[in-house]
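What follows is chain A paired twice: with chain B in the first complex and chain C in the second.
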Partner chain A sequence: MQNEPIHVLLADDDEDDRNIFIDALNELKINTVVQTVKDGQELIDHLTQDNNLLPHVLFLDLNMPCKTGLDCLIEIKRIDRLKDVAIAIYSTSSSEKDIEETFIRGANVYIKKPNNFSSLKKVLSQVITINWQYHTSGLNRDNFLLSL
Partner chain B sequence: MKLYIKYDINVLCKKILQEQLDKLELYYALVGQCEIEIKEAISSEKLKQLSEGLEDYGMEVVESSKSILVQKIKDTIIEMIYMEEKLPTSKISAYLAEKIGYSYGYISNLFADVTYTSIENFIILNRIEFAKQLITIDELTFTEIAFKLNYSSLAHFCTQFKNTTGLTPTAFKRIIIKRRSMSQ
Partner chain C sequence: MNLRGTFNSSTFLKSIFVAALFVFIYISSVSYKHSVSLSKSTELVVHSHKVHIELEQLMSYLKDAETGQRGFIITQDSMYLQPLVIARKKINRSFKILKQLTKDNLYHKKNLDTLSHLINIRFTFLEISAKLSLVTPVNKRILDKTILKGKGVMDNIRVEINKMIDLEMSNLKIRQTKYEDDAYFTPIFMLSLVLFSLLVFVISYIKINKDLVTLQKANQELIINNAAFKQAEILGDFCYTRWDLKTNKLIYSDNLYNLLGCEPHSFEPTVENFIKFIHPEDRNIVATGAENVISNDMVYIRHYRIIRKDGELRYFKSLGKIITDDEGNKIHIGIGKDITQNQLDNLALKEKNRELEQNNAELASFNHIASHDLQEPLRKIQLFISRIDDQEGHTMSEKGKEYFVKIQNAANRMRTLIDDLLLFSRANKAEKTFEITDLNLLIEQAQQELIETIDEKKAQILTDQLPVLNVIPFQIQQLFLNLIGNSLKYSKANVAPIIKISCEKIVAQDYPILKADDKKTFFKISFADNGLGFDQQYAESIFILFQRLHQSNQYSGTGIGLAICKKIIENHAGFIYAEGQPSIGATFTLFLPE
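Our next item is the complex of A and B:
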């Protein structure tokens, strides 16, 4: 049985990081469709286009020029149509303060960018499958917090 | 004498489907040639009857039977977690196999195929979800929650909470409280 594909969106300004992310996703045994944007403005433009499909999960780099990940997070949570999109913060920072701040602002997942390919695969698989359980099993999204 | 029959396969199929669906008194619409839209919640019993009825004509309900089974597994697990009196005295695998009516090996493979997660992980995730609910309601202490959810100790509960969410129960509670006060 072919499962319905899981839509994933990544916002990251670093081209290498975007490519590694796509490679890692494609190696998972999960049927995903991935799209990427290269900065915060492009992300907001993409999400607010009504005919664009909303992703099941958005991976958001914190450290982007112009509009940072945190700015995007705050903006997304203010838009009715977008506020239920699951957001996974994807960052090089592992400060407890950053982590808590993003959770309080409404992020669901905080990922400290792994420094090797196999742990990246593992982390992505974990986030996508747990998010899928929230999506398909009627769990309460308000309580969806995951720190990796 | 020989008679030659000319028939329209589409009319034939439509007629059979209608007969079978009417027999089960379902509220439905035929969409195209191979698709039926059932406009009500259909019980797994009725779906089984429909599959069996169509089998005689060499027809088969393609999807669903698997996803319905998975739904049944999920429902059984959630019921087991949320209602204390439903906690099985036997092993969970034996309990599920008995409730669902297939071997545990079969249902655990099917479950993993369809949901991308294992039954074991699904149980842990849902237990922790229940714990989160209890934490946000803020009526019970962590020790009481651990006890209610059948953990052997507070430490075991905290460890599994941390392993599943990456956060301690205390950090989780703090974040939820701050988030609430911000959205007010």
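Our next item is the complex of A and C:
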């Protein structure tokens, strides 16, 4: 569909989740380039290296050791070069508190990690093909949590 | 007891006594005047009589003289001349008396002068005629002429005397009338005044007596009240102070000394002495408080600490107020209370509360974390189950496939349990934002969420008009969702479920089952279904967490749904009850306060 591959970056401390994420993306018929980082610090280091390409979409797990997803979100939004990267929160939690906080901090979409593989594929294809410019302008608290 | 009334009547008494005093002075002066005038009248009457008598006397002396002269002329005996001389003397004396008696009466004086002249002439004639009778021969003609002349003078004298007597008699008559008048009216006047005074005194006496009884009663009451107050002070750990701002005199109640750990009246009641017992850090509070009471005339409450004589720290609360007595004096009344026990209880309660809150928070976070952290591995189990199912499912043996489905079901059930537990912990949490909400909207949204099951079971839901209430919207929606979901879940196989939702406004007193104030109004919302129902003996236990009436493989319940309902209803200060009849249906009734 697209000539240019879509760059996707995942920050998740769980190895299984990283692998399944990559599997799911690979099974999608979309031209993507996936990169993964193991924790918040690695994510920030990766993003702040000037010669690294910025991802089109960043999938951010919240519950990570040391630097949590929320910490990363706050930090990214402070950096001019990074603040326009689309950020999809990718978490097991669906607590009101987490949803509220990440919305306020400027995340673009909130995904609850699905329980089965086919749901995962569906969610990823949806998120990757979003027209971010359009999505962001119509973003509100009600459509922030992506419903399956 | 109306002491003010008694005080007022003492002014009344004072005025009565002042009036009585004036009446007495008046009575005394009037009676004095009357007595004086009476004695004057008497004197005047006596005087008139004296004058009268004296005049008669005078007349009789003259007659004596005449008789003597006649005797002498006839007998030529000088013995008869004797009375003449005596009469002359007596007449002179009588004249003197008369002059004395009538010295204030000009008319009498003139008459007396005339009379004296006439008497002198009369005597001259008497003497002349006596001498003439001695001459021999007697010149009868001259003698007769002299005697005749003398007789004429005598007639004049008689006329004159009679004139005087008449005057005196008419005077006497006037005086007599005046005297009689005085003598008649004085006693009546005096008597009526005495009677009037007596009346005043009797009234005053009755009044005094009555006031005395009232005062005695008031006094008695005061004594009893005082005794009761003293006991109350001791029992209630309070005390009072009275501070006369004019005389700067302070009075402390006995219990104040007791509360300070001292013997009553063991030190002089002064502000300085009291300040000594106050904790140094709190002295300012007491001083500014008193100033505020005095300058702003308002009731002022203060809290401060007291260090008792034995060094024990006590907490005090006091109230100051200015009252103004009948004479306009300002008096500062202070009531102090030892609130140490209260204070300690409060602190203990606060500590307990804090512990409780901490425990609660720990429990809530345990529940939350447990549910979350449990989700993580479960999600992976489910994810890998779906991977195996996708990729290796077709290579598995029949037995393997059967076991695999069981694993899948168990994992799904675990998922439901965790989700429900999360819901329960959410209903438990303190985020309770009440909003005025249309319950019709909430029930509609709940139905929307269940639309698939409703369609699948061909269920009919009949809903009354529901009210607009102040509720926590997402919780009430959850409540409706759980109740409708419950009815759908426990419906009879092959019978289309019918759920009737009815609503009415009720007053608590008509429903003794509600433990609420009689006058409080509630909305009674019932969910009645035609499902499996249940035995009434389980009507209460179904609301307990994890309590289930059906085997787990038969129905997919977790035993949390109704516990959540109960929690939500409790959050809204309402009530929920269940009624069931096996294989006829169940009714869940909610009472939500208006």
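We adopt the following convention: the second predicted complex is superposed on the first by the 128 of 148 C-alpha atoms of A that agree within 3 Å, B and C clash if a C-alpha of one lies under 4 Å from a C-alpha of the other, contacts with A are read in each partner's own complex, and residues count from 1 in each chain.
The criterion applied here is as follows: a contact is a pair of C-beta atoms (placed from the backbone, for glycine too) under 8 Å apart; a residue touches a chain by one contact, two chains touch by 3 or more.
Note that the structure is a prediction, hence the values are computed from the model and not measured.
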Inset, instruction - Classify the contacts of A:146 with the two partner chains as first (chain B alone), second (chain C alone), both, or neither. - result: first
Inset, instruction - Have a look at where A:115 lands relative to chain B and chain C in the superposition and call it first, second, both or neither. - result: second
Legend entry - Touched chain A residues, chain B compared with chain C: B
Inset, instruction - For A:130, select first, second, both or neither according to whether it touches chain B, chain C, the two together, or no partner. - result: first
Inset, instruction - Name the contact category of A:19: first (chain B only), second (chain C only), both, or neither. - result: neither
Legend entry - List of chain C residues in touch with chain A within their complex: 368, 372, 375-376, 379-380, 382-383, 385-387, 390, 415
Inset, instruction - In the complex, go through chain A and note every residue touching chain C. - result: 16-17, 20, 92-93, 95, 113-118, 120
Legend entry - Residue ranges of chain B touching chain A (in the complex, touch as defined): 63, 66, 74, 113-117, 122, 125-126, 129, 132-133, 136, 165-167, 171-172, 174-176, 178-179, 182
Inset, instruction - Using the touch definition up top, name the residues of chain A that touch chain B in the complex. - result: 1, 3, 30, 100, 103-106, 110, 128-130, 132-133, 136-137, 139-140, 142-143, 145-148
